[in-house]
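Going in written order, the chains are labelled A, B, C and D, and every chain counts its residues from 1.
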Amino acid sequence: MRYTTAGESHGPEEIAVIEGIPAGLHITQADIDEQLARRQQGYGRGERQKIETDTVTFLTGVRHQLTLGSPITLNVHNDDHNNWSKIMAPDDPATSENTLRKVLRPRPGHADLVGGMKYRHHDDLRNVLERSSARETTMRVAVGAVAKKLLSEIGVDVHGFVVNVGPAKSDLNDLTKYHDLNELRLVTESFPTRALSAEADAAIREVIDQTKRNANTVGGQVQVMATGMPVGLGSYVSADTKLDAKIARAIVGINAFKGVQFGGGFDNAEKFGDQVMDEIFWDEKRGFYRGSDNLGGFEGGMTTGEAIVVRGVVKPIPTLYRPMQSVDIDTHQDHKASIERSDTTAVTAAAVIAEAMVAIELAKAVLDKFDADNIDRMKEQVERYRDEIRSF
Amino acid sequence: MRYTTAGESHGPEEIAVIEGIPAGLHITQADIDEQLARRQQGYGRGERQKIETDTVTFLTGVRHQLTLGSPITLNVHNDDHNNWSKIMAPDDPATSENTLRKVLRPRPGHADLVGGMKYRHHDDLRNVLERSSARETTMRVAVGAVAKKLLSEIGVDVHGFVVNVGPAKSDLNDLTKYHDLNELRLVTESFPTRALSAEADAAIREVIDQTKRNANTVGGQVQVMATGMPVGLGSYVSADTKLDAKIARAIVGINAFKGVQFGGGFDNAEKFGDQVMDEIFWDEKRGFYRGSDNLGGFEGGMTTGEAIVVRGVVKPIPTLYRPMQSVDIDTHQDHKASIERSDTTAVTAAAVIAEAMVAIELAKAVLDKFDADNIDRMKEQVERYRDEIRSF
Amino acid sequence: MRYTTAGESHGPEEIAVIEGIPAGLHITQADIDEQLARRQQGYGRGERQKIETDTVTFLTGVRHQLTLGSPITLNVHNDDHNNWSKIMAPDDPATSENTLRKVLRPRPGHADLVGGMKYRHHDDLRNVLERSSARETTMRVAVGAVAKKLLSEIGVDVHGFVVNVGPAKSDLNDLTKYHDLNELRLVTESFPTRALSAEADAAIREVIDQTKRNANTVGGQVQVMATGMPVGLGSYVSADTKLDAKIARAIVGINAFKGVQFGGGFDNAEKFGDQVMDEIFWDEKRGFYRGSDNLGGFEGGMTTGEAIVVRGVVKPIPTLYRPMQSVDIDTHQDHKASIERSDTTAVTAAAVIAEAMVAIELAKAVLDKFDADNIDRMKEQVERYRDEIRSF
Amino acid sequence: MRYTTAGESHGPEEIAVIEGIPAGLHITQADIDEQLARRQQGYGRGERQKIETDTVTFLTGVRHQLTLGSPITLNVHNDDHNNWSKIMAPDDPATSENTLRKVLRPRPGHADLVGGMKYRHHDDLRNVLERSSARETTMRVAVGAVAKKLLSEIGVDVHGFVVNVGPAKSDLNDLTKYHDLNELRLVTESFPTRALSAEADAAIREVIDQTKRNANTVGGQVQVMATGMPVGLGSYVSADTKLDAKIARAIVGINAFKGVQFGGGFDNAEKFGDQVMDEIFWDEKRGFYRGSDNLGGFEGGMTTGEAIVVRGVVKPIPTLYRPMQSVDIDTHQDHKASIERSDTTAVTAAAVIAEAMVAIELAKAVLDKFDADNIDRMKEQVERYRDEIRSF
């Protein structure tokens, strides 16, 4: 399985093409729209989410709600393109009229300046920021929805929620209250902040409101958990076969993410060996299992069968309504940075995006090991493999 | 540029093959041995480092100390193999004699159990742990030495050091004392712990000594910095073109690493936008530059030209001399885990390994953008590109 | 540069996404439509080409007729989908009504049977043949048009024509009449068969007409030539870095192609060394050059600077109006194969498709070696490299 | 599965590293040496084959004759290096003494000139020809031997032989005499030319002898056949998933190969549809099968279950003892090309090399679809899949 996304923020369409999904997977546009809606609903999102409701259309690869085995194209139309049809016109030559709204004052923390240098977009940094935009994550969530559907066929569940926004934090001890990710999902999705409790939700909303009043933005952390993965996906044999490393790349590759950790993560820096390892037990019914999950579901870059626990950190959004110091690329004069419409925080949406990225990497790992041509054959192989592992 | 490592911990040889290094790069075995020695010298390493001194041999791809453009093979002989020549014999059939020293009690936190399940190494988990071993990092350091040599040709310097081991910490404010990485290198390499100061060094040694007395192991953090990278390597255009994401994968792909962050990293979770972004300035001589480096040298997954700052966290070594609870895979009876010869902490060596991995990713990024056939042509292109960026 | 195509023959849309095209390349929808029209115009094509005229729309990656550096999505609408909107509906569940027109009698020579087995499309082999269809080549020609545009910026021209259809042949000695590929293009594109001369054109039309009267199909050969490529693209250093080998894959990867050769190709089997090699000369103005081009522009898997000459063979179309022996996959009874609307020969279109595939591989090779971020920077680098090679 | 080869013709070692071979495959150095010997034994090979007998050593990845699942390193020592130890010294600086035997007169048809330009090896074209040498194919044969061993575990056999050398030809109708590839192997390997019959063998030897007397070289064709492949490997869904296309790349990627074809290949150019397709039949015991194998075992880029038939053409060796016209790269004066020790024809060895390359691609395809972690699990999956296909 591999995928590509394409699309500019105010261009006509957002596109994703996914190759290597087995034939016979049942999937509907509604399955994907449900995830797209989650991405749009986070507290602290700005106006754009009210302008348009993202819905997907299958352009290729699906027939009668079943995948064909051929490449799948997902399409989300940018409703807002109507307001930008001249400025973002693909096939009209540039004119004095359609090159208004140029961006010449790069925003610190965004790709504007470096992207302009790299691609020689000296005329208009819009050519950078139209792609280097949170809008692109729409299609990652769409691809992630397909991955989640595939994983659900073999009993793998994936869920993301918000750990903290600025100083307001969820209490992670609350996680022990829930028997499975579905119970957890019902709780965190009931809050507009995706926090773990009503108290945390209220505190986070208060931080966001206050930040907005300050014309500022704020960072936070999200956590993604996955249960039910077969044991032994990924491998220790080479640097680039480790599955946790692939997930690290997927998370840091999301706009604004500045770090990632697994299980206890950075807390390991102050721990001793006997506090960290997950001891090994065995019983007739379950086979081998662990007494804890300090390592976040990975040993040697491979899934252990315990819950996968991934944490990511999201920096504050760099587009400030009280802009920072910049320089006009035309005149080389100091100026405040450009203002593009933006949100107060991306953390609540980031939980959904990180969940999608983890789902994509897990689905890839499953399809690397098991038959990727037909979903039922894949399921049969997974089932046999699980029996084998249980009787090790 | 791509590379592969191969080799078992007590097998005859460790091997790395590197493809795509330009012709004409001056490199000697001594250049690599110097880095291998650094890896072996960290405080807290165990007995093996005293048994053998790693030295590399060029098997292919280098002639008269110049790369040929063809694949380069690096070879480090395992001196310790003499003691294991029957047990690890590649081409002898298994006999009752050469299958002694079986490992049947998997160590929690190591790849033993899961690796055994995945590859069906039910007879002997040694088949897993011989590869899933810190020994493998020898060759990553060797490959990293080639990458560092290449980077040095265009004025890129890369250096790793130790932030903390358990509760004993370097004071990162000390970093401001040094004008460049070479000054920093002279300091941190003067300490057996690779700490930032004599005080930190003493404190860290004390922690390691105490941990060893406790028959325990301990985790820590390392930091890698790189200066002089051309602006605009990596790209925002796709999830998998971001250079910071590739580095994240490279770091988490090192044995025992459980997390990675860039610049302020996880501190961003409690920060507001105006505290985080690196404001933009311009002057005639330097062109565009920043007033700070909070983002660790990356915007939009691209190098900004500021110093790259990567932090990784290393979990305690899972092989304890006071072993944890495990289960014999033959009898399914509870047992303490196996004991393999091991160190008290891997953090001091991890700084060198992480440095190598960052160097490899940076070299790849340079060779992706610039001519990868001849080193002088590459340098000419880099020079012209830097002029172009400076006059943006 | 990498690309993906997607789309079913009677589905709503054909899609291609291209990543890695430099920013700043001027390209219009008309540039692509011109190539799509060429694909549709060959003699011997059937009814479908009269139903619809393919035109492309840029969905992403292009603004004001300039590439942005971000992924480019090309879209060709299947006009014929109107007649198939229920049968090929992506998001409607299967019903008794929309599952008519099932294909259960696989056509020998097509992917129907094997594809059905592989993907478990036992219910309806249409799920195979909708993708394994000449329709898919539309998007390869579209991607090839972008590649050709990029190549034209550095003076590389690529052209494909028809060598023979069945027993009717072009005389390849006629090639010496033309000074460059553009002259050749004017001639071959003036004939509906893409032959090299009026005589050959007439003979080929006669063969096609006769074949059609026989309710049969017929094979042939096409040749693609490319001029102006920089010297030294591709490499001898590894099996998978040879550029001629990549082109071989691209050609055999086209539907119905059963072989490929370079320069003298299979004639080499009966030749002696002194008849084959291209002797080396030098003069002040041109630098090194050859006295002949027997090797088709490649030595050691690298471009020599001489014209690239690639020949491909196209098997007869497997869909016969007088169908061959097959078996119903439901009943296991012998039956004649299904009949889908089809052409008499694909050779005339295949010249355009093969040309596109060669252009894609050449563009990839150029972008591998030179800057792939901005078209002007790429051109500057190519120019300097050519100067260097000339003064070798 | 992926692999890399490394090594210069007169350097100390030839190396190959193979990743992704399942654990538990039984393999010995003798298995590989047997194939290396075949490569050295062809009629028409020159002196080098008498100087040294290639034997492999496992450096990594194999223990007690079983693969570990970790990367496998194969090593063949260049005995001839003793005579070149100064001139090819990796870690000595260049001196007046060790830079003798420079090559400055590029041989037409070899990579010398273009390679020199690309990598700026202006000082000594030996830096090119040491890698761009038939010596490199040693390691492909070694890797192919591992692939063949893996394939033999699931009943896939692969064999290559010589079709013709110059005007002397095997009669391919003789193929029908043999029930399986092993019978065929016994015949063709009994002849020093790998021809199909004693008559053809004698004729080919006569051509080679005569060519040698003429100080010339000669080309030819080889054919590789494979039986027993599971149905449905490779795919029609994308240009780069077709297995025949991958094989085409593998064949043309061998030194001196100028073309490749499948089944009837270029004969298709003059055929009509009803002469070409392989009609479909079914019986209770075998399931679906074909009445012929005109398409060489592929439909839609997928294996049909019929024998795979691949033909490649080998150009005459470009190193002539009566050298062709060239130019000294130092003086730009006309000169005859350099003479390096060489053979009269590579065709007899090429059959073994092409066989290896086909085996590698088939093994990759098997490991892409089935479990690649453990050989027994792979075999179990193949077995179940074959049952499924048989009952389609």
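Note that a residue touches a chain if its C-beta (ideal position, glycine included) is under 8 Å from a C-beta of that chain, and two chains touch if they have at least 3 such contacts.
The chain lineup, named per UniProt: A, B, C, D = Chorismate synthase.
Small disclaimer: the values here were computed from a predicted structure and weren't measured.
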| item | value |
| --- | --- |
| Higher-contact pair (C-beta pairs counted), A-B versus B-C | A-B |
| Of all other chains, the one whose Cα centre sits farthest from chain D (Chorismate synthase) | A |
| For chain B (Chorismate synthase) paired with chain C (Chorismate synthase), centre-to-centre distance based on mean C-alpha positions, whole Å | 45 |
| Cα-centroid distance, chain B (Chorismate synthase) relative to chain D (Chorismate synthase), in whole angstrom | 37 |
| CA centroid of chain A (Chorismate synthase) to CA centroid of chain B (Chorismate synthase), Å | 27 |
| Per-residue overlap in chain C (Chorismate synthase), given as positions that touch at least 2 other chains | 4-5, 19, 69-71, 118, 131, 232, 235, 237-238, 373, 377 |
| List of chain D (Chorismate synthase) residues in touch with chain C (Chorismate synthase) within their complex | 4-5, 106-111, 113-118, 122, 128, 131-132, 140, 163-164, 166-167, 211, 214, 216-221, 231-232, 235-240, 242, 244-255, 258-266, 268-282, 288, 290-291, 295-296, 299-305, 311, 313-318, 320, 322, 324-327, 329, 332, 334, 337, 357, 389, 392 |
| Interface residues, chain B (Chorismate synthase) side, partner chain C (Chorismate synthase) - complex | 19, 69-71, 232, 235, 237-238, 369-373, 377, 380-381, 384-385, 388 |
| Chain A (Chorismate synthase)-touching residues of chain C (Chorismate synthase), taken from the complex the two chains share | 4-8, 11-15, 17, 19, 22-24, 28-29, 57-66, 68-73, 75, 88-94, 98-99, 118-121, 127, 130-131, 373-374, 376-377 |
